[in-house]
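Same chain, two partners: chain A is paired with chain B first, then with chain C.
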Partner chain A sequence: MRDTRNPFKLRRSENIDTDPTFLSLFEPGILEVVAETGLPETVQLIRSAAGGGKTSLLRLFTPNALRWLHSRRVEDQDLFSRLQTLGVIDDKGPKVLGVSLLCGRNYTGLENLPLSAAARTRLFLGLLNARIVLAVLRSALALRALEYPRDLHRLQIAASAPDSHVPQNLDFPCSGVQVYDWARGVEKTICDALDSFGPLGTESLPGLDSLFALAVLQPQSVTIDGACVADRFIIMMDDIHMLTGPQRELLIERVVEARSKVGIWIAERFEALSTQELLASGSTVGRDHAAPIELEWYWRARHERFEKHVMRVADRRVRASIETELVGFRSCLEDSLDGAEYEAVFTHALETIKARVRTRIEKQPVFRDWLSECESLTGGARDTAIQWRALEILIERRVRRPQKSMFDSDSALPSKEFFEQADSPVKSAAELFLAREFGLPYYFGADRIARLASLNIEQFLGLSGALFEEVLAAELIRSGSIVISAKRQHALMKKAAQAFWNDIPTKVRHGREVRAFLDSVGRFSAWYTYRPTAPNDPGVGGTAIRMSERRLLVDDESRAKQPSRQRFADLLASAMAHNYLVADLDYKCKGDSWMVLNLNRLLCVQFDLPLGYGLYKERPLEELCGWMDVPFVAPRNEEPLA
Partner chain B sequence: MSPPAARWEQYLLLRNADLPAFWTQHFSSKERAVLFIIGRGFDPRMCLGLEVVLAAGGGGPRDLLGLDFREGATSASVDHKALVDANWEKATTAVGTRGSNSVVAVEFWSQGRRVSSQSARDIFKSVEQIEKYTDVVVDISSMPRSVYFPMIARLLFLLDHRPAQKTSPINLHAVVAEDPDLDASIQPRGIDEKADFMASFGGGFDEEAIQTPKVWLPMLGENRRIQMGTIYDRVKPDEICPVLPSPSRDPRRADNLVIEYQSVLFDQYHLDARNFLYASEQNPFEVYRRLRSAVVRYDEVFALLGGCRVAISPLASKLMSLGALLAAYELKVAERSVGIAHVESQNYQLNSSALRAELFGLWLAGECDVA
Partner chain C sequence: MRDRIAEELLAKVLEWSPEEVAAERPIIQALAAYKYDEYQQFSAGSRFIESLALWLKQFESAAERRDAYAFVRKRLIFCSASELRHLVEMAYPDHIRPVLIDRTAGDSADRFRPGAVARRAEFAVRQRQCLFLGLSDGARIDTFRRANPGLSHEQIWQTHELTPDRGDKLLEKLGDDLGKLLGRDAREDERRFRTLVLLDDFSASGTSYFSLPAEAPTSGKIKGLFDDVCGNKPISRLIDPSDVEILTLLYLATDQALEHIREASRSTWGAKGIPFQADAVQLLPQGVCLTAADPDPVVRLIEDPRYYDHDIFDRHFEKGRTADARFGYAHCGLPLVLHHNTPNNSIALLMSYEDLKFRGLFPRVQRHRDL
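On to the complex of A and B.
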C-alpha cells in the first residue's frame, strides 16, 4: 500500500489502489442510498453526475473488498454490521457474489460496422454475454481466493436456462474452463475484427439473440468444488453512459425482460440520458420503489444528512494521512468570526451602517422606536452590526413599499414589530450583505464547506482537499497543528470556484453556451439577492420556470417550432447532467408548479450568493432562452420585476 | 516473447533547409508520381509542406487529396470556414496543372457518436488506391490526431501487406510544420465527454478476458489537465509513466510540466517519481525508441503475470505524437497489447495566425526500408 499524504486527493475509487485502503476510506453512510429498504433484488438503475459515489458503492460489493472486510470485521465493525444486516456478509464470510462489469468498452465500435441493425444487435448481445460470463467466472474465483483463470477447472455450471437460449457450441453442465474458452473466443474474435489495421471482415462474427448468461449464471447453478459460490449474485454494470443510446436502451430492455433471479445494478451518469429524460429527471410523480436511484436527488431531500455524511468521509481521510496526527476535519477549520482579527472590521462596519441608517431616517419618526432599540444593543460588534444591517433592510422594505395602506400612519412603529421582522432569514441576509460590503469571509466553516459540495462527493473532496493541503503545509512549517482561518478558507473557496468556472467551457458539451447561461443566472441571482430590500431573504441561488413551460422544452413539436427552445433544452440538459444546475420539479409555490433551477453551490461562491436551497426568482422561459445569446444586465433603477 | 526488431532504428528525419534539398534530390533520381494528402483545415501551416514539395520540381504528377472534415455544426471548420477555403484555394492554386485535386469527406459524427478515427482509417480501403504513385506524402499539420493516426497506420499496413509481386516500392512520408507558439494560441474549446481508444489501437483494454496490468504513458503537453482526467477514467491504469519533452528548446519545459501536473500526478495518481520518461521534443524517432523500449521492458517485467497492456496518450505536439504512432504500430504488429487512448476536442479557438513554423519530414516506408 502506498503511503498517502493528502488522502482527499484520492477523489475517485479508481485512484485508491488497494482494497484495505479503500475500506479504510469508505464511509458506510452511503449505503442508505441503495439499501433504504434492503438490497435491490432485481434490476436497479443507479444514476448520478460524475463523482456522485456510484463506483465506490459498487466496489464495496466486489469479492476482494468483501473478503478484506470479513478479515477485519472487528476493526470495521460499523461497516461489517451494516452489510451483515443487509445479508451481504456474516461471520463465515461474504454471502453475495458482486460481479463488476465495466460497460465503457468498445461496444460503440459495433455501431460502425457495415451490418444490418439486427446483425449489430446480435453482435452486441454476443459480446455482452461473453463478458458477463467472464466477469462472473473471475469474480467467483476471487470470492474463494482462487487464481483466475488457472483454477477454473474447479468451477462447474449446471445450466438452468432453456436450451434454445444457449449457444450451440456450449453444452451444460460444463466446467468453468469450457465456458471460459467459449466466452474468450467470442470476445477475441469480435475485438480482433474491430481492432484490425486492415479492412474489416464481418462475415464470421459471432452473435446471439438473448442474454442467456443471466439465465444460466444463477447462484444455485454455479459451484466450486461442489459447493455454491454464494447465496446471491449481483451483477453491477458500471459506465453504462458510455454505450450508445440504442445499446443502452436495448440493454435495459433485455435485462428487464430476462427476469433473472440475479440482481442487476446498472450504474450510469446523467450524461446517458436524453434531453427529455434529463428534464424529467427528479420528478416524484409516478415513481415507485423500483424507480432509478439518483444519488443527488436522494441527498437533495436529505441535504443535512449528506453534509454529516461528508464530514465523516473527511474525518476518515484526515485519519488516513501519514502526515498528521489529527483525527477530525472540523477541528481544522475556524468556524466563526468572533476572533479579535475581525473586531475592528465589524466596529467599522457598525459605525458606517449606523451613520447610513441615521441619515436615511432622519426625518421619519416612524422608525424612532426601531432605531432606539438598536441604539441600546449591547452585544459584541459582530452581532450588533448584523442587527443594524437587518434594521437597514427592514427600513428599506418599509420605505420602498409600492403602495401605502390606508391604515399606515406616521406614528412610530412598535419595537415588537422590529423584533418580529428581524427574523433569522433577514439576519442571514444581513450577514451576507456585511460580508460583501466590508470584505468579510463568508464561505468558511465545516457546515458551509459541506454545503458547497453541492451533494457531490468528488466536489467535496476537491474542496476539502485544498483546505487539508493547507493544514499539512502549516504543520510542516510551524511544526504544530493549526486551524485554517475563516479568511483563508474563504479565499480557497473563491479560488476553487474560479477554477470550477474556468473549466466549464472545456469540460462539457455546449460548454461555452452553458457557461454563458450560468453567468446570466448568477448575475441575475446576485442582482436580486443584493437589492436593498433583500427580497426572498437571505437571497436566491437560482431561477425557475413554470412546469407548463418545461413541458414546452420536452415536447418535440414545440422544440421543432422554436429552435431556440431546442438549444435551450440541450443546454439545460448538459448543465444538469454535470451538476452545474440542480433541478427541483413540481415545486409548488404561488399557486403554480415550478421547475426550480438551483445553481451548483460552488457557483454561488462565484457570484457571492447564499448557500441555502430552494430560494429562487422565477423568469419566463423566453427570457431564459434569451440569456443564451444576450447576457442578463441588472436594471439601473429599482423597479419591480415584471 | 522476444522483442520485435526496431523498424525505425535507422531513420531519416529532415528539417527546414534540409527538406527542399532532400525533395530536389529525391525527384531528380527518376520521374515520380506523388500523392499529397492534406487536411482542409484553418491552420495557416496547411500548405507549407506542399509548397516545399512542389518547389522541388521533378517530373510526374503531383496529385492533391484534401480531407474535408465534417465536424458538425459547431466546429472549427464551420467557425473558420473562410480560413479553410482560403487555405484550400492556396493549395489548389499551387498544384495548378501539375496534378489533380480531389476531396474526400471524413465524417466525424454518426448518430451522435464520434467516428472520426474509424472514418479516417477507412479512407484507404485497399492498396490499389495508391498503386499508381511512387510517393505518398501525408501532411499532418492541419489534421487532428484522430485522423492521422489511423490513416497513417492503415497506409503502413497496406504497404506492408502489398502483394510480393509488386516490386516497385511505394514511399510513405509524413510532413509536419511545428510552431509551438501557434500551437499554444490554438486552444481547445470543449472536449468530448468521453475518451476512447483510436480505431485499430484498442490495445486489448476492452477485453474482459484479459486481466493483465494496465500501463499508461501520457505524453504531457501544456493545458491538458481535463483531457488527462478524461483519458485516465477510460484507461484506469495500474501504472503510469508520463513522457516529458526533454531535451527541448525551452530547457525548463519539462520542469514546468511537472509543476503544472504535480497535484494530479502525485496526489491523485500516486505517481512514482522514477517513472518519468524523457524524449526529445523535436525528434519523433527518439520518442518512438523511448516508448518502444519502455513497452518492451514492461512486457518483460510483467511476463510472469501474462504480460501487460499499454496505453499511450499523445497530449504533446504533433511531431512528438508521430513517435507514439510509430511505436504503437510496430508493437501492435508484433502482437503486443498497445493502444492509443485519446479524447478529441470539439472545437478550437485560433488566437493568432502569426507563423514561425519549422518544417519536419519523416520517411516512414518504401525505399528507405529497402536501403
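On to the complex of A and C.
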C-alpha cells in the first residue's frame, strides 16, 4: 500500500491504486442503499452527482476487491458480514462475479464516423458486445486468481440459447481463447476505424443488432476447469453519462430488452439526464427496470445517517495516514466557543445587545418581566448573549406583529411566555445573528462540517482534507495543539465556499445563468433569514415552488408555451444535476405540496445561512423565472412578502 | 535525512505557521516527487526537501529565506529527464520534417498539402539525404534514433567529428538506400547529404558553438565543423556546399543563444552562401532570465556578498567576459536546472558547488576541470 500523507486527498475511487488501500478506506455505510431491497438482480440504474460514491460502490463488487476482502474477513468483519448478508461472499469466497465496464472510452467517437445512423448503432453495439465479453473473461479469471489472458484456455462458455443472436463467426460452446480472439478482433477493427484518417471501408466493419453477450454470458454457462465461476453475475457499467444522448438511450433500451438473467447495474451522473428526466427524478413512477438508486435523494431522506457515515469515512482516512497517530477526526476539531479566546467577544456582544434592547423597549412595560428574566441570568457570556439575542428577536416579533388583538393591553407579558417562545430554533437563530454581527465563527465542529458535505462524499473529502492538512501541519511543527480552532475551521470553510462558488460557471451547462440564479436564491435567503424577526427560525437555506408548478416545468407542452419556463427548467436541472440545489419533493406545508430547493450546504456558507434542511421561503415560479434576468434585490424597507 | 525531519526543518527555517505549512507542504512534496528528487547530483541519500531546507538555512534573515523560497516556487525551471526526452522525441517530427516537406514542395501549390508531399518519392529521397550529427553527448542520439524509426540508422551519428572511414561508410549507405528509393543507381551528385542537422541538448549563450564575437568567431564546435566543411576534412566529401542547408537544432535554448548562433552562422555559413537555420524545440525566452535590473527580491540575494563565493569563478567563466559568476556564465542569469546537472549559466545561488562557502540548491558538478 502506497504511503499516504493525507488520505482525504484520495477523493475518487479511481485514484486509489490498490484494492487493499481501497478496502481500508471503504466505509460500509454506503451499502445501506442496496441493503434495504437486497442486491439488485435485474437492471439497476445508479445515479448521483459527481463524487456521490457510485464508482466506489461498484468497485467493491469487483473480483480483486472481493478476494482481498475474503482474505481479510476477520479483520474487516463489518464489511464482510454486510456483504455476506447480501449473498455476495461467504467463508468459502466470493459468490458473485462483478464485471466492471467503463463506458467512457471511444464510444462517442463512433458518432463522428461518416456512416448512417443504423450503421453507427450496429458498430456501437458491436464494440459494446466485444468489451462486455472481454470484461467478463478478465473478471472470471481474476475471481479464480488466474492470469489473463494466459489462462483463458481453462475457461469454457457453454452453448447458447437458439435466439441469442450470436454472430455468425462465433460458435458456442467454445473456449475462452476463441471468444477472446473474436472480441479482440472486433474491438481492434472498430478502434482502427476510429483512429483512421483515411476513408472508411464500411463493408469490413463488424456490427451487431443486439447485446447478445448478455444472453450468452450467464453464470451457469461460464466455467473454469469445469466448475461454475460464480453463483451470480453482475455487469456493472460505469460512466454512462460519457456516452452521447442517443447511445445512452439505446444502451438502456437494449439492456432492458435483453431481459438478461444477469444483474446489470448502470451508473451515471445526473448530468446525463434530460431536463425533464431530472426534474421528474425523485418520484416513484413505474419503469421497466427497478427504480433508480439516486444517491443524493436516498441520503436526503436520511441525512443524519449520511452525516454519521461521513464521520466514519473521515475516521478511516485519519487512521490511514502515515503521518499521525490520531484515530479519529472529530477530536481534531474544536466544536464549541467556550474557550477564553471568545469570552471577551461574547462579553462585548452581550453589553451591546443589552444596551440595544433596553433602548428599544425602555418605554414599553409589556416586556418588563421578559427583561427582568434576562437581567437575572447567570452563566457564561456565550449562553447569556444568546439568550439576550433571542429576547431581542422575540421583542421584534411582538412589536412588528401585523395585527394587534383588540384585547391587547400594556400589561407585562408573563415570563413563562418568554421561555416557551425562546425555544431551540430561536436560540439557533440568535447564535447565527451573533456570529454574523460580531465576527464569530459559525461553520465549525464535526457535525457542521459533515452537514456541509451536502450529501456528497467527494465534497466532504475536499472540506475535511483541507482541515486534516492543517492537523498534519500542526503535528509537523509541534505547535502545541493539533485541534483546529473554530476560527480556523470557519475560515477554511469560507475559503472552500468561495472556491466552490467561483467554479460554477466553468463546471456546468448554463454555468453563468446557474450562478446568477443561485446568487438570487442566496441573497433572498439571507435577506429573509436576517430579518429582525428571524422568521422560519433559525433561517432558510433555499426556496420552494408548488408541486403543481413543478409539473408545469416537467410538462413538454407547458414549457413550449413559455420559453422562460424552458430556460428555467434547463437551469434548474443543471443546478440539480451538479448538486448545487438539493430538492425535496412533496413537502407538505400550508395545505399544499412543495418542491423545496435547498441550496448546496456549502453555498449556504457563501451567504452566511444556517445549515438545516427543509427550511425555505417559497416563491412563485414566475418570480423565480424572473430572477434569471433580474437578480433579487432586497427591499429597502420591511415590506411584507406575499 | 528522512523527509519528515527535512520538512520540519524547512518549516522551522521559514518560520511557517500551521496554515502556511498546510498550504505549502503538499506543493513542495508534489514538486519533489514529480521532478526535483530526480536531480542526479544530490549526494547519496539526500533529496530535494532536505537540500531546500539546508539551502534556505544559509540565508541569515527570515525575510531573505522567504524571498529565496518564493524564487524557488515561482521562477525555478527544472527540466526533468522525461521532459528532455519528450523534447528529443519532438525534434524531428515538429522541427525538421516540416522543413524537409517545405523544401520538397518548393514553390508548387503542394506547399499547402504536406500530406501529399510527404507521400512523394522525392520527399523520401530528401529525407534520406539528411544527416543528423550530435554536437555533444547531450544530443541524446540514442533516444533520437529510437524516437524516429522512419530514419535510417546510417544517417544519424553521435558526433560531428567524423573519421574518414565513417564518412565513407555514411556515403556508401546513402548510395545504397537512394538506389532502393529511386529504383536505379544514384548518380554521383545525388550521393550527397543536402541537409545537415546539428543536434545538442542545451545552450544558454551559444558560445560553445561559436566563440565571441559572433561577427568573427574563431573557435567553437560549429565553427570547427564549418572549417572542416571548407577544408579537406571527411565531412567536406559528404556534402556539396552549393546544395546544402545547415539546421542547428537545440532541444532547449535561450533567446540569447539562438541569436548568437544565428549571428555567427551569418558570418560563417552565410558568408559562403550556405543557407542555415537555428532553432530550439523549447525556447527559454529572455523574460525568464534574471538581471541586475530585475525587481525580484532574489536579485538582492544574488548580489549579496554573503551568499556568493568567488572561488566558483574559474578560467572557463572568464570566457564569458564577466567579472563574476553571480548571474552565471556570461551573465545569462538562468533560473534553470537540468535533471543531470545545473548549467553554469544559471545563477550561482542555484549551482554553487557543495564545497564552497555558499552551497547551491542544486549543486553543480564541474564539467570543465582545472588540472
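As a convention for this text, the second predicted complex is superposed on the first by the 630 of 642 C-alpha atoms of A that agree within 3 Å, B and C clash if a C-alpha of one lies under 4 Å from a C-alpha of the other, contacts with A are read in each partner's own complex, and residues count from 1 in each chain.
Just so it is clear, a contact is a pair of C-beta atoms (placed from the backbone, for glycine too) under 8 Å apart; a residue touches a chain by one contact, two chains touch by 3 or more.
The structure displayed is predicted, hence computed values, not measured ones.
Annotation: superposed three-chain arrangement on chain A; chain B versus chain C shows a clash.
In the superposed model, A:Q498 lies in contact with neither chain B nor chain C. In the overlay built on the shared chain, the residue A:Q220 is in contact with neither chain B nor chain C. When chain B and chain C are set side by side, the one touching more residues of chain A is B. Looking at the shared chain after the overlay, A:R488 reaches chain C, while chain B stays out of its contact range. Once the two complexes are laid over each other on the shared chain, residue contacts for A:R138 go to chain B alone; chain C is not touched.
By the touch criterion defined above, A:E323 lies against chain C but remains apart from chain B after alignment on the C-alpha atoms of chain A.
When both complexes are overlaid on chain A, the residue A:R184 reaches chain B alone and has no touch with chain C.
Contact with neither chain B nor chain C is seen for A:T18 once the two complexes are overlaid on the shared chain. By the touch criterion defined above, A:S336 lies against neither chain B nor chain C after alignment on the C-alpha atoms of chain A.
Using the contact criterion defined above for the overlaid structures, shared-chain residue A:S71 touches neither chain B nor chain C, since it reaches no partner. In the three-chain superposition, chain C clashes with chain B only at 290-298, the remaining stretches of 218-226, 290-298, 308-316 or 344-352 being clear.
The contact surfaces that chain B and chain C form on chain A in the two complexes overlap at residues 5-6, 9. Contacts from chain A toward chain C in the complex involve residues 5-6, 9, 323, 466, 469-470, 472-474, 476-477, 479, 488. On chain A, the positions that touch chain B within their shared complex are 2, 4-6, 9-12, 14-15, 17, 101-102, 104-106, 108-109, 111-112, 130-131, 134-135, 138, 148, 180, 183-184, 187-188, 191, 194-199, 241-242, 244-245, 271, 465, 503, 505-512. Of all residues in chain B, those touching chain A in their complex are 110-113, 115, 118, 122, 125-126, 153-154, 156-158, 161, 188-191, 193-194, 196-197, 199-202, 204-209, 211, 226, 232-234, 236, 238, 263, 267-270, 329, 332-333, 346.
Chain C meets chain A in the complex at residues 4, 7-8, 11-12, 16, 18-22, 25-26, 29.
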